[in-house]
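Which chain is which? They are A, B, C, D, E and F, in the order written, and residues in each are numbered from 1.
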Amino acid sequence: MPTELDRIDPRLLELATQVSTATLTSQLQKRGFANTFMYGVVALRPDLRLAGQAFTLRYIPAREDLDPVETDNRTSKQRIAVESVGPGDVLVIDARGDARAATLGDILATRIKLRGAAGIVTDGAFRDTPSIRIIDLPTYAQGQNPYVSTRVHHPLEINVPIGCGGVAVMPGDAVVGDGEGVVVIPRGIAEDVIAAAYEQDQREEFIRDKIQRGASILGVYPPDEQTLREYEEWKRGHRPQRLR
Amino acid sequence: MPTELDRIDPRLLELATQVSTATLTSQLQKRGFANTFMYGVVALRPDLRLAGQAFTLRYIPAREDLDPVETDNRTSKQRIAVESVGPGDVLVIDARGDARAATLGDILATRIKLRGAAGIVTDGAFRDTPSIRIIDLPTYAQGQNPYVSTRVHHPLEINVPIGCGGVAVMPGDAVVGDGEGVVVIPRGIAEDVIAAAYEQDQREEFIRDKIQRGASILGVYPPDEQTLREYEEWKRGHRPQRLR
Amino acid sequence: MPTELDRIDPRLLELATQVSTATLTSQLQKRGFANTFMYGVVALRPDLRLAGQAFTLRYIPAREDLDPVETDNRTSKQRIAVESVGPGDVLVIDARGDARAATLGDILATRIKLRGAAGIVTDGAFRDTPSIRIIDLPTYAQGQNPYVSTRVHHPLEINVPIGCGGVAVMPGDAVVGDGEGVVVIPRGIAEDVIAAAYEQDQREEFIRDKIQRGASILGVYPPDEQTLREYEEWKRGHRPQRLR
Amino acid sequence: MPTELDRIDPRLLELATQVSTATLTSQLQKRGFANTFMYGVVALRPDLRLAGQAFTLRYIPAREDLDPVETDNRTSKQRIAVESVGPGDVLVIDARGDARAATLGDILATRIKLRGAAGIVTDGAFRDTPSIRIIDLPTYAQGQNPYVSTRVHHPLEINVPIGCGGVAVMPGDAVVGDGEGVVVIPRGIAEDVIAAAYEQDQREEFIRDKIQRGASILGVYPPDEQTLREYEEWKRGHRPQRLR
Amino acid sequence: MPTELDRIDPRLLELATQVSTATLTSQLQKRGFANTFMYGVVALRPDLRLAGQAFTLRYIPAREDLDPVETDNRTSKQRIAVESVGPGDVLVIDARGDARAATLGDILATRIKLRGAAGIVTDGAFRDTPSIRIIDLPTYAQGQNPYVSTRVHHPLEINVPIGCGGVAVMPGDAVVGDGEGVVVIPRGIAEDVIAAAYEQDQREEFIRDKIQRGASILGVYPPDEQTLREYEEWKRGHRPQRLR
Amino acid sequence: MPTELDRIDPRLLELATQVSTATLTSQLQKRGFANTFMYGVVALRPDLRLAGQAFTLRYIPAREDLDPVETDNRTSKQRIAVESVGPGDVLVIDARGDARAATLGDILATRIKLRGAAGIVTDGAFRDTPSIRIIDLPTYAQGQNPYVSTRVHHPLEINVPIGCGGVAVMPGDAVVGDGEGVVVIPRGIAEDVIAAAYEQDQREEFIRDKIQRGASILGVYPPDEQTLREYEEWKRGHRPQRLR
C-alpha cells in the first residue's frame, strides 16, 4: 500500500485535472515512455476528471476451487481493497481485458466514493452501470456486463504491479483521466510530467485562442520565437481556468 | 404466436421495469441459468426501460433467388411480423450478429410503436437510427447501418426458437432491458424470477442507502442478521419508487 | 485540388444536410453502387450534419527515416492540407483504419473550422477529443487516441484517390454524414443522387406521418397508387423543414 | 430431407471435385450470386475434395432447461441427423459462428463416414480434431474446441434453411469444398454452374500451361480469339485429369 | 517452486500423454470445472504430446524504466526461470494474450529442452519459430513475432498464480496438451482426473472401433448396459496403445 | 520502378535468405526502426525463403465506376505490374488488410514466377491458394478468398510508397521473409542490416550449439568475453550453411 511518503501533493493532482491526457502522453513520450495510455478503457462519466494514485487489485481467471459461492468480506481481496482505498487513491483493477463478467457493481462503487477515493479504473467491465453512472465519481471500464465477478474473475492480490489496458501500473503511480481515456505516470516522474504538461497546455490554450481569432498555423503551431514571446506576455496577464 | 394463456400479468412486467438487468441476471444464475444476457446488444434509448414477451423473427443470410427486389407486405415475414406484434410484445430479431445491413428502419419502428409493442431487440443493426432514437420506444441493436436489410438478410420465419446476442429466445419468454442491456427470462420461471429480483433490488436499495449514509460493507454487504432485520423494518415503511 | 469547375452548388449541399445517409445509400444502391458507406467511422457530434466535397489526405505507416521529430508546416502534407481546405471541403484522411495514434488534434481542427471547411472524416483516431467535441464542426473518426500522429502515421500526399472506412474516395466526391455515419457519392452523380434522395425522404416523411396517425403499412409502405396521389397533394401544401 | 427427386447426378458431383471453389465462385458471381463462399470455415483435410448435397442441422444457443445432461439418441436432433445422413449428403451445421464449444467429435464423425456421407461442414468447432483429422472424410470448421456441444449449443431442427459461415444453405443445395474453403451452389442451378466451372477450369489449365511455357499474359489471360482457337484444339487432344 | 512433495507420479504423466485434451476437459466439466482449456493457444508441434507440471512466469507490460536495454541473466526473471525449470516442468508464461512481441526465442527454448523440461506454453508469441519448430519439445503459443520480448513485456515474477489463455494456472498444476490445445488440471485432482480420463478414452476407443465396424450409435454412444458389458470383456483382452 | 542503380547485390540477397527475420528485426530495432515486421501476413510456403526488392502495387476500395467488368491487360495496373516485375523483385500489394476478395490468383502467380520474380506479398488474400501453394515461389498473404479482386479492390498505381501489414514500404526496399513472416528493410541501410544480421545469426548458431552441448545460458547468452573469444575461433573453422 502506498505510504504517506509516496504521496503526491494534492495541489499537483488538482492541477493534473486541468491538463488533458493528450498533453500528458506527449510529455511522457518526450521522456521516452511510449506506452502509458490505456487501450480500450472508456469513461462512464466523460464529464468528470480523474487524478489520483494507483491502488492496484489483480484478478486472475476464476476457478471453481478458488472462488466460494458466498463472498466473505474479511478474506476477499476485492472487498479488502474496497475497504482500504482512501482520499487520493484510484482503484485500478487488472481484469486481463476480460469483460465477460463485472469486476464490481454499484454498491461497492458507492462505498469507494464514500471512502473518498478519486476514482475506479478497470480493463474489464462494471455491472449496474446505469446506477454507477449517477455516482459522482470518475469511473473507467472496457464495458458493462451484469454477471457477477466470480463467474470469470478471482481477486488474487492488492498493491502489486499489474497490467491494465496494456499499460504497466505500479502502486502509487499517478493515474489521470479525461474524456479521452486514462494515462499512467510513473511515480518517480509524476510531479515533473504534470508540471510540464500544465505549462504545455497553457501554451496550447494561447495558440488555440490565436487560431480562433484567425491566425494561420504558420509560425504559430509549432510556435516560432515571436509567438513564444507573445505567449510569455499573455501568460503574465492570464489566470488559469478549469476548462476541461 | 404466444396465445393469451401464455401472457404474463402486465403488472408483473411493469414491476420488471423497476428491476435492473444485473439483478435479474443474478436471480437467473441462482436458478442455474448461466447464459441469459445478450452479448453485444446496446440500448439506443438507455433512458427507457423495456419489459415484454418475445415475438421472434428469424433472418438467414440473403440470397439473390430468395429476396425479391420489391418487398411485398403480404409475403415478407418481416412485414407480417410488424403487422402482428401488439401490446406486451417485444420483437426480437435473430440477425446472426451480422450488422453489415439493417434489420429494419424508422418507418417500421414507427408502425411497431403505434401497434403498442413494448420494444424491438436485434443482434444486427438498425437503419435511420437518428430517427429511431426519437421514437419513444425502447430499442436495442448491435449497431447501425444504412443499407437496407435485403442486402444481407432474408426474413425466414416468425415465432420460432432463435438465438439473439448469443442467448436462446423462445416465443413468449420475458425480455427485460435497461441501460446495461437485455436479459431473457424463460417463460416458465418469469414470474418467480421477476418477483425475487424485485425483492433483491429492494434490499440492495436499502444497503446502498446505508452505505451512502456512511456504513462500511462489513456486516452490510453481504448483509448479516442485524442488517436483514433492519431491512425488514425499512421495507414496512418504504414505498417502492421507479428509479431505474 | 478540386477546381471551381468541379464545385457542387452550395444550395444542393445544403439540401443534402436534410437527407439521411440511409436514404442516400438506398439511392446509390439503385444506381449500382453497393459500397459507399464507411465502415467503423463514428460521429463525434451526431447532432451536426455534414455535407461537402472530399479534400483527401493519405497517410502510410510511419517510418523513422520519413518522419522528422519536429513537424515543419511548410513540408508536412498534413499541415499543407490544413492550410489548403476551404468552404465546402471535407478533409477525408485515409489512416488505413489504424487508431493506434491520432490523425490530428484540437488545434488543427480549430484551424480547419476557421478556414470554413465543412468537416473532417478519418478512419483513424483524433486526439484532444474532449476539446474537438466542443468545436461546432462535424467530425467523424474510428476512435480516440492521445498519441501524436507521427508515432504511427506518415502523411504522404493530398488530393489523390484514397480508401477511407473501406470506401473509395476521389477528390471532389460528395461526402455526407449524419448520426448514422458517412456516405460518399461519386462526383459525377452527386447532384442526381442528392435530388432523388431528397424526394424519397419527403415521401417517407409523408408515409411516417400517415403511420403515426394510425395507418397500417399495407398499401402505404411501399405506397400504392392511392397513397402516391395523396403524397403528391400533400407535397403541394408542404414546406420542407430541417428535421434531421 | 432431400428426396431422391432432388438428387444431383453423382457423376456431376464427381466432376465438381475436379473444379476449384475459386472457379465455382466466379461462375456464381456471373449468375448474380454474390455471397456463396463461407467466411471463416477452414478445411481440416485440405488434401481431400468435398462435393455433395446439404443435409442441414440448426443449433441455437444452449439453455439449461433445453439441454439434458445425458444425451438421448432418440430425441437429440444432433444424433438423429447423424443417423440420417447417407451417400451424397454433406452435414452442414449452423453453429452461429460460435466456437466456444464443439458441434461434434470423432465418434460421431466416424459414424457419419461409415454411413457414406460426403463430408461435414460447420461454422462452429469440432472436438477431438487430432482424431477427426485422420478420418478419411472432408471436414470443415471454424476452429477446434474440446468442450462438448451442449455447453453452448442446442440442436434444434434438421433440414431447414440455415446460415453457415454467412451463407444461406437450403437442404439439397450443392456443397463443394477444396483447400480454400466451401462454396454453396443453389440446387436449381447446381448442374449448370458445375458444368460451366469445369469448362472454365479446363480453359484456365490450358492458359496456365501456356504461361508456364513462357507466354506473356497479353492475349492469353484473358484469352483473345487466337488463344481460344488454340484452346479448342488442345481440348480435343486432352484427357481431363484429377488435379485438384 | 513446486517441491518434490507436490510431484505427480511420472508414470501418471506418461499416461496423460495417451489421453486427449477433449476427454480431460469432459472429466473436469463433470467435476464442476468449466474453464480449464486455454483459449487461443496453438501447438507449434501438434505431433508431440505435452504433460507436466506448471512452472509459472508472469509478465506485465514493459515500461522504459523497468526493462534495461541489456538483459542480465542474474536478475532477469525470464532468465532465472529458464535456468530453474527441470524434468516434469512445463514453463507457462502469462503474457496477457499480447503477441506484439515474443516471450522467448530459440536459444532459450533450446536451453529449456536441454534442462529436461516437458514443454513451454504461452498466451503470447515466440520468435525464431522456424527454429523452435525443429526442437523436439512440445511448445504452444498464441502466435509468432520476431520482436524481442522487452519491447512489450516485463518479466515480473516466477511461480505465482497466473492466468494463461483465460485459464487460472497455479504452480504445480498438471498441464496436458495435444494437437487441439492445452488443458490445465488443478493439482489436487490431477491423479483422479487423468485416471478417469484414461478409462473414458479406452471406452471411447472401444466405441469408435465398434462404429468403424458398422454399428449404429443407438445403444452404443452413449453405451447401454449391453455395450458396457462388451466393453468390459474387450478391455480384458486389450493392450493399451499410444495412439494420440 | 527501381532502376538498376538501386539494385542490391544478388549475393547479398542470397545471404539474406540465410538470416532469420527475427535477427533482421533485432538489427533494425538497434538502428531505431521499431516497426518493420508485417502484421497478419502469413507464409503459404513456410519452407521457402524470400529475399528481394519491393515492387509495389497499391489497391484502393473498388467502386462500380472505376472497375470495368472485363479486365484489360493494357490498362489494368494489376496486369501491368505482373508483366513488369523481374528477377530480384518482390511484388508487394497494399490491400488495406482487406481479405474479403483476392488480390490475385494462380494464373498471375504462375506468370510472376515465370518472369523470375522473387516472391509475392499482400496484406489481403489470394484465390486459388491450393494451386498457388504448389508453385515453387515464396508467397505471403493475410488469408484466402475465392472472390475475384475487382469485387473489393481497384488497382490504382504501381511503385509508389505503400503500407502493407502496417509497415511502410518504398519501391526498392529489401523485403525478406521466412516461416515467421516478412520484414521490410529501408533501401538505404539494407546492405548494412543484412551483413550485421548474418554476423549475429552466425554467433547465435554458435551459442545454440554450445547450449545444445549442455552449457548454461550464464556467460553464454548474452555471451561474455570468453564466449566471444571461443566464437571467433569457431568462426574461423566454420563454413556457413543454409539452414533456415
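We adopt the following convention: a residue touches a chain if its C-beta (ideal position, glycine included) is under 8 Å from a C-beta of that chain, and two chains touch if they have at least 3 such contacts.
Only a predicted model underlies this, so the values are computations on that prediction, with no experimental measurement involved.
Note: the chain lying farthest from chain D is A, by mean C-alpha position.
Chain B and chain D carry the same sequence, and matching their CA atoms takes a turn of 180 degrees, rounded to a multiple of 5. Look at the contact of chain E with chain F and you find different residues on each copy: under half of the numbers used there are shared.
Farthest chain from chain E (centres taken as the mean of C-alpha atoms): C. Measuring from the averaged C-alpha position of chain A to that of chain F gives a distance of 41 Å. Here the spacing of chain A and chain E, counted between their Cα centres, is 37 Å. Residues of chain A found to touch two or more other chains are 34. Annotation, chain-chain contacts: A-B, A-C, A-E, B-C, B-D, C-F, D-E, D-F, E-F (touch as defined at the top).
Those residues of chain B lying in contact with chain A across their complex are 20-22, 24-26, 29, 34, 37, 46, 178-181, 183, 204, 207-208, 211-212, 214, 216-218, 221-222, 244. Those residues of chain C lying in contact with chain F across their complex are 32-36, 60-66, 96-98, 154, 156, 161-163, 166-168, 186, 188. By the touch criterion stated above, chain E contacts chain F in their complex at residues 70-71, 73-74, 79, 82-83, 102, 105-108, 110-111, 114, 127-131, 133, 144-148, 151.
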